[in-house]
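Here the chain labels run A, B, C and D in written order, and each chain numbers its own residues starting at 1.
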Amino acid sequence: MAQSKYEHIQQEAYDANMQLPKLGLVLFTFGNVSAADSSLGVFAIKPSGVPYEELTPAKMVIVDFDGNTVEGNLRPSSDTKTHALLYKHWDKINGIAHTHSTYATAWAQAQTDIPIFGTTHADHNTVDIPCAPPMDDEMIQGDYEYQTGFQIMNCFKEKGLSYGEVEMILVGNHAPFTWGKSAAKAVYNSAVLESIAKMAYLTQSINANTLRLKDALIKKHYERKHGADSYYGQ
Amino acid sequence: MAQSKYEHIQQEAYDANMQLPKLGLVLFTFGNVSAADSSLGVFAIKPSGVPYEELTPAKMVIVDFDGNTVEGNLRPSSDTKTHALLYKHWDKINGIAHTHSTYATAWAQAQTDIPIFGTTHADHNTVDIPCAPPMDDEMIQGDYEYQTGFQIMNCFKEKGLSYGEVEMILVGNHAPFTWGKSAAKAVYNSAVLESIAKMAYLTQSINANTLRLKDALIKKHYERKHGADSYYGQ
Amino acid sequence: MAQSKYEHIQQEAYDANMQLPKLGLVLFTFGNVSAADSSLGVFAIKPSGVPYEELTPAKMVIVDFDGNTVEGNLRPSSDTKTHALLYKHWDKINGIAHTHSTYATAWAQAQTDIPIFGTTHADHNTVDIPCAPPMDDEMIQGDYEYQTGFQIMNCFKEKGLSYGEVEMILVGNHAPFTWGKSAAKAVYNSAVLESIAKMAYLTQSINANTLRLKDALIKKHYERKHGADSYYGQ
Amino acid sequence: MAQSKYEHIQQEAYDANMQLPKLGLVLFTFGNVSAADSSLGVFAIKPSGVPYEELTPAKMVIVDFDGNTVEGNLRPSSDTKTHALLYKHWDKINGIAHTHSTYATAWAQAQTDIPIFGTTHADHNTVDIPCAPPMDDEMIQGDYEYQTGFQIMNCFKEKGLSYGEVEMILVGNHAPFTWGKSAAKAVYNSAVLESIAKMAYLTQSINANTLRLKDALIKKHYERKHGADSYYGQ
């Protein structure tokens, strides 16, 4: 097979997908990562239902931002339209990851935002991790995976959040989506989210009246990471 | 030893049994998988009490659908009669798995159906995962493992469930049984059930008032997987 | 070094101790196993504070049933007197294991018997797993580890339990001890206990009103394993 | 590169840092360990943001007890000033470890001391594991990581604890710090703390009314370890 002009994002998507089982974020094929090249207007995504051990970079399917397959013989992941819509509207992201990781999915199923309880959370996000409410019935009956993209964007709009600041969401009843400047960063965010979700679960179990982090600490951590003089890194 | 005419199901049963420890579903020998050939009217099942590291395909015992050993020197699993009864009455299944996996067994011990809380569940089953109530005392005093098969079938009858749609059950006070078109699919279902059981446990712990998935979403996931235009696969 | 006449129990104790980290039952050196030869009136036990990766069979210390070191240059485990007392009084056991495994220790710390909730438990014990109440203050101030042996035996006497039937106990505030016909069986029992302890914890969390297993089922499982026609083995 | 006169502490810090992922105490780079040489008045610490698989002894940054970098091209961990302050004031410690290990961090987020529930805890500490209350707002707005050091020392002063006896603390809203006579001992304490934190969480979940260990047992375990005739070691 001749080299594809999409090989760079196929490789990036492949590498990122292979991180999911290594990080303990997926059972069987319950996850997918994509890598986009916005200059080409396409992304590479895991094919549908293929076990991780059988994946290769060349099997990554190339799809445009309207969800049409551009290159590849395999069917793209069933969540492809959600990825496409986010790339189309959030033009600064180049990677999206979706998993059914255990603790993050439990919060999504409980339809509850993850409260900001500590600095592990604040080092990555200075707000509660949002949980998008379940779709209206007409959205469900329509183009479901496409609507999942709108469900995510609508939640951000309603809560006044920026996708550049907050790179993760729980889709109510479903599971988490994360994103970032690269597919690798999106996967990193999936692992961080799972860790935060587990700690928050335990924190609430230890003390049901635990207060959210106080504002001065939230502000400090925000500045430490994003301010003009940012210096964070353990 | 001459080649057995049952070698294909011995190999299938062997491969499927060996998946149980890899998937973290068993401690020691607390599980068993069988593979049936309905045209021959027999199934191959793990011998009783043999550690996984000592299993070989040839050690799989061949048993008919009335529970009689047809071939093999080892004693078949103590759960053999449960397998036999299910194969006899549910003629479209070719594999059965039984484990004492941690979270699924906890729900079985709590004698509680696992509520459908999210899409991980709905992608595999569109009903709560049923928990069969404990046996009547006279059933227990009779042919116990045989009666476990009736306990499973009776629960499906009472709840109006189809074994072709719902491929898993919790036996109250005991542990899960799963099945499918092959032994590999039965094991896959055991792993999916354990994952769903853990997520549901956490979901309820996070929010004791979590509602079951709404009907429109259940219907969508059912159609996505089983409908004329099914397309599911991550 | 000339071959020791205790080499057979040193090897058995070594093999059994090395199973503890493999089964995930210990952190660092927080556990110990011994193997006894009642005809010689001695047992081999792990030396004190030696990491598992540095153990060898020859390092196992030989101790008599009054707790005196018979052979070996290293100090025996600080729990040695507890082992000695049990071997002295319970003459049919040849192996004892002590761990601080996570879930069993949590039940011991909570000073709560582990209720018999299911068949995983009933396949091994047909009573709740007993938790010995903490020692009286004068016992603590005396020969502490020796008294731990009496604490265990007193609990069995008060509850009317047989050490041949029930091969495990939780020492209140402390952690589990298990035993059996061999050191390997004692370790097997430690792993089974940890699994039962975790399942019981989850069962109670799912349904705080879960009932103990009903008598007919307990009786059936007891007979299945111990009766004249015992046949159990998965 | 010529051999550094700090090579011994670089090696010690490197070895200790590499233990963190092996012991399951860190995700990505969320932890750091330092090793001090008090005669030289410096310590070696993990560089900021470098993944564990890319660490080498030579990459460890040398910092003095006022937090100034003495040798090394990489930026030291963002928690360096906390380490520096503790070395400056607690002159008998030669190692400090900081992790965001799951259960210890959950207790820190819940702002709750870990109650002494059993002998696993008492073998290492005979008091509840202290949780330092969150900083005042003015401390946060100042030199944050430096103030974290004072937050730790102030908590010990207020509770009348000795850093030589109690080698671990939870920083409220944040995560644990541990220390000891060497970097290896500090890491050992991090692992012990995580284990104690998990057991205490489970203990409270099993029995919300669990009492703290009684005084006679606490005293016994203290003497067993620290008394003139100390003999502890499993």
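Assume a residue touches a chain if its C-beta (ideal position, glycine included) is under 8 Å from a C-beta of that chain, and two chains touch if they have at least 3 such contacts.
For clarity, every value in this text was computed on a predicted model and none was experimentally measured.
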Neighbouring chains shared between chain A and chain B, ordered by label: none
Homomeric contact chain B-chain C: same or different residue positions, threshold half: different
Rounded Å distance, chain B centre to chain D centre (Cα mean): 46
Chain C-chain D separation of Cα centroids, rounded to whole Å: 33
Two or more partner chains touched - positions in chain B: 205
Chain contact topology (line, ring, star, complete or other): ring
Touch relationships between chains, expressed as pairs: A-B, A-D, B-C, C-D
Chain A-facing residues of chain B, complex: 117-120, 188, 191-192, 195, 198-200, 202-203, 205-207, 210-211, 213-214, 216-217, 220, 224, 231-234
Touch list for chain A against partner chain B, complex: 27-32, 46, 48-49, 75, 77-79, 98, 100, 102-103, 105-112, 134-135, 137, 140-141, 144, 173-175, 201, 204-205
